[in-house]
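Two complexes are shown next, each including subunit A; its partner changes from subunit B in the first to subunit C in the second.
Up next is the complex of A and B:
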């Protein structure tokens, strides 16, 4: 039997579980050791250690009323809950709670697609709706709308949006939180609140206009623990006539500066509509000279360009992106893009894929870079950090945000490359990805293991980079639950006033501190001293 | 001498004012009758009546520290404050407080443009920076960035954004709150909080990435009273190569359905980048047959089309919008637009203006439709609701939000036309304006007067339309302070749970209830009973 949450007697815990059974029915309360292992974080950097976070039970409601019932029981017993939608975000903690002993509220049964409007290009979904679910619904019903999927696509719209994840299609949809329109939330007190226009009972605009009247509260329900979101609207992309995927390459290391400046300018003007990935194919692999350069912390451009020349003249950087729209508009945009980049000596332009929509099932299956066309897939699970590297046991994402400047990308790769090398790891930096209008996310995979000694090294690496990147001006945009306290410390200006505001909100909205204690380092009053 | 705020003795009020003088210096505390009249709402629908809202004094700080000092004094004495940035939003209450007796915190002296980055296309400003200020700064320094101005342009970026106002250029900038990136707020307790990446002391991304880590709190500071915002970042538009302004006309009343559907689809795909205004030139004026049709509440399409034919064959609807970008992309987008709209019998396409940028000062001065090119102006003050109507003494904006559907626009004009007529007013509906990606704002001017009898009629008209539009599914997106209680009642689903959440937040963030009591009907605990 799993242990009860801290501070709860075995007897009260069992009584609470029986009441939860009363709410959801016996078959939807999971409380054996085998049950709760299913909610374990398979990539945990604390795997098998005393501090690893475990659920004490899980409960799977099927309706808003059942969620309210669960919250009521939790308030009565002081039972910590940990709501998850699909719980599939493995590199950010998966389904395991931030606070050991929490009862996972598994929302997978609430998986109804409540509304899709082809005319308005919107949908309204429940927490358990996955990217695959919505994609299949649209294809089956021949609705000419695209989703913007996370990659891999097995997660769900709501969880990813609330965690502020990103995708690959047009700018309006890539920032998944920004692409939402309207929420329904069960507050920790059990009250149901609809946000935006949803608070006006007859409104025809709940999925059309974000704000409603008065303060716009939606943001406080992202990356937090202020309620259980039970419905969420999203804006969807109308299927374009056509798409053209291109690759722009530049030969020298410092060419990334004009490359990124120009692409950023074109993105801000919507001339380049899609996510832009800036990668250095040269920087992957384990060639000894490469390893030396990456670990040096500041090899010169000349050294790097010499290395590139010896590597057979492959371009140093490649930018990948897609145009969506009418064919003649695409042609004009691509032509203008080439003109704007023509000043970089040795720049290369290549059209790598081209589509007319709609695609047949066979054509959709054959698309190489599926996420760029709103097609969810699990292809990423086949990838590794480097061509010849062993498969990872697991990893955490480490993603500092930098200004969209080539010199920042170079400085970042210099810095993290050296940290990885100094601490005995192979650098894992994959690419700078322009998901958002004015920043570049720099993904790094930090490996996790199934043994404590290696995980201690990994945790040290992770902490070093979080602190080091913050000091250099590049804070992260989300972080694994095990490191959320560290993460929020990095946002500690004015003596931690933002964090204090979070906890002020927590005390007001969740007076008994029952929803996801500790998530993003927001502790309810009753646990604050003991956990800090 | 102005009266002290309710509940404060004359003696305590005078003591508080002396302390405020100590914070800002004698010349920046305004406490005579003449002083506070400057903060009167010239368009008040309660003009000269007992309930008209008056300030008791005003105080003009020059720094964040002085704002903190003011807040400290207010907490000590229970002094209600009413912060304004430029206070110029006349149709939404101007500079007058929501709660009579409040001390206006006039932030006009804090008018520094703290940062402009041409490379990143961002700025950071203080509350008093007006659209004119920033426009002049950019022109003087030849920075190739555009602002997105409200119209008229005498207000300021911050106040307009916090009120969730809108503009006319590209979609990324028109929703002024959405175009902000990063805030600094003085909380009612005096603590300073920087939001988003600003909470990370060395971050290079405060104006580049909106969210930071943990809950995103920015939204709660819009249309609310939870703090005094002292800095705000914004995204700016890179000056395009060219622009083409066009007009698309359709002959029959029901043609507005395919017209709006198609333009909405093109807007969602960024093929049409600017705000789209859909107006009916035919529906302005006071021709007796027009007045009869507008007041009928549901004249048939045939009746209307007959009226249009008799009016000399002018088109029924005209849509106005602008393409921004490289000339060849604009040409392809306009061509595609025409193809998509070609199916509407009798559709007309006209190019009404065309520009290459940058403009000389003379060219800029000659631009007719300035707000569409980021040029602030006061031209709107020369306009009237109907060609031969007398100038208004004042007016309030009444702006229901409808889905972007032509039939909703028709239903709305039928409904509000009849309400105006039934209550003895000339209908004022101007246009359906697609500021946001998936809604149309339908502006109406509701006249205000300088006499109580007419204002009583106006208040009845306003209330009737607020309630009637809400019942029909078209709630408003902001509302004059005198009607904020009514407005929030329209967002009363689940027994008013959203409003209760607002007041829960208020009690937590502003325990003494000193900032803008009553704004958007959010009352602090100490005033709640007395004001409801």
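Up next is the complex of A and C:
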């Protein structure tokens, strides 16, 4: 049997479990070793080590009232809870709790799509609704709206949005937290709060206007532990008439500066609507010369351009993005984009896919880059493993954020290339991704293993990059629970005033400290100072 | 009601349907494997067309009477349209010839329906497996129907 949470006696833990059973029913309490292992982080950088995070049990409510009941039991016993939506973001900790011994509140049974309005282009969902669920609902009911999905698409809308994840379609929808409108929260005290216009009982605009009246509190429920969100509204994209996917390539390393500047300008003008990925096809893989150059941390543009020339003249950078809308408008946008970029010597333009909507199921199946068209996919898993290699080992995402400037992309990947090499790892791929309107994220895959020795190296790699990138002005925007204390230390300006504000809010909202202790390094008073 | 004996029998039958497809080095059989004792609508075989001899595997499982669906690389569409509804509807058994990444995904997804991988064998270019749920397992996470969905459409 799993051990009780720290500080709770076995007797009290068993009593709490019996009461939780009373709330949700016996079949929805999971307290055997086998059950609890289902919530293990399969990609944990602490796999098999003493500090690996484990749940002590899990409970799956089906209603807000049951969530309130769970919270009541937790307050009575001081039982730490860890709510999850679908718990499938494996690169940021999955379903495993931030605080070992917590009871996972598995919200997957709360999986109703409560409302979809084709007219207003909105939806209201529960935490267990996955991208798969909503996509299927829209297709089955022939509702001409798109989801904006994370990639892979097996996760939950709410879980992803509350951790501030992103997607690939139009700018209004791909910052998933920004695309939400209104939420309902069970506070740690058990009270239910609806935010925005939802706090006005007869308001017809809960999913239409974000702010309501007075302070806008939604933000404090993202990347935090101030409550259990039980409903969220989202704005949805109207299905366009057509789409055109394009690739723009440039030959030299430094060409990325005008490339990104121009694309960003076009994005801000809404001429380029989709997420833009600027990647270097040349800087992927483990070619020895590539590894040497990346590992040097400061190879010159001339060195790199020579490498590119020896690689058969492949472009140094390729930007991928999509236009959506009527065909005539798309054509004009693409022409204008080409005019704006024409000044880069050797720039290449390629149309890689075009579609007219709606797609049949067969056509949707055949789309190569599904996430850019609101189609959830599992392709990413196949792309990261060699044929016949089981994806048993995993990775974490290291996600520093930089200004949308090509020279910052170069500087960051020079730095991280050297860190990977110094730690004995093949450097990660190089890409800057414009999910948000004014930044690029430079995701790095940091491998995780099933042995302590390699994971120790991986943790050192990760920690080195968190600190080093922060020193250079590129802090992370999201981080694995194992590193959340370190991550928040990077936001310690003014002697940690932000952290103290978080603690003040925590003490007020969750006086017994029951919801996700330690998430984003926000500890309840009773556990403050007890964690290394 | 599916009892333990028929559950085990159908697993073996379905696995045999997949594992006896023609491949070099393996004993080939052309005999029709008896259909599993479960209702046909609760059985499914999925085959990734991108793998070696996928066509032959699919042909073979169809001959044994198992409904067989093919996909290319990305199983998400098949999951949404066929596999998840099958698991949600009740006890079911699914066999597959896919890449390991696909099995990894389906294994995790299917756990929400009390389903688990029961058998697995590594083939030269993929993995052969059987995944199933029974009434003995945890109740499925079936959604409660919404009455709101069409109110604004």
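FYI, the second predicted complex is superposed on the first by the 522 of 532 C-alpha atoms of A that agree within 3 Å, B and C clash if a C-alpha of one lies under 4 Å from a C-alpha of the other, contacts with A are read in each partner's own complex, and residues count from 1 in each chain.
What we mean here is this: a residue touches a chain if its C-beta (ideal position, glycine included) is under 8 Å from a C-beta of that chain, and two chains touch if they have at least 3 such contacts.
Bear in mind the structure is a predicted one, so any value in this text is a computation, not a measurement.
Once the two complexes are laid over each other on the shared chain, residue contacts for A:141 go to subunit C alone; subunit B is not touched.
In the superposition on chain A, contact is made by A:192 with subunit B only, not with subunit C. In the overlay built on the shared chain, the residue A:374 is in contact with neither subunit B nor subunit C. Once chain A of one complex is fitted onto chain A of the other, the partner contacts of A:121 are limited to subunit B, with no touch recorded for subunit C.
By the touch criterion defined above, A:213 reaches subunit B but does not reach subunit C. Counting residues of subunit A touched by each partner, subunit B versus subunit C, the larger count belongs to B. Judged by the touch definition given at the top, the superposed model places A:155 against neither subunit B nor subunit C. Using the contact criterion defined above for the overlaid structures, shared-chain residue A:427 touches neither subunit B nor subunit C, since it reaches no partner.
Touch criterion met: A:401 reaches subunit B, while subunit C stays clear of it. When both complexes are overlaid on chain A, the residue A:524 reaches neither subunit B nor subunit C.
Common to the subunit B and subunit C interfaces on subunit A are residues 119-120. Those residues of subunit A lying in contact with subunit C across their complex are 27, 38, 60, 62, 88, 108-109, 111-120, 124, 128, 132-133, 135-137, 141, 143, 152-154, 361, 364-365, 370, 376-379, 381-382, 384-385, 387-392.
Subunit B makes touch with subunit A in their complex at residues 119-122, 164, 170-172, 177-178, 181, 187, 191-195, 197-205, 207-224, 226, 235, 237-238, 240, 261, 265, 268-271, 273, 324-326, 328-329, 331-333, 335-336, 401-405, 408, 436-439, 470-479, 487-488, 490-494, 497-502, 504-505, 507-509, 520-522. Across the complex, subunit C meets subunit A through its residues 71-77, 79-81, 84, 99-102, 104-105, 108-109, 111-112, 122, 125-127, 138-139, 141, 143-146, 148-153.
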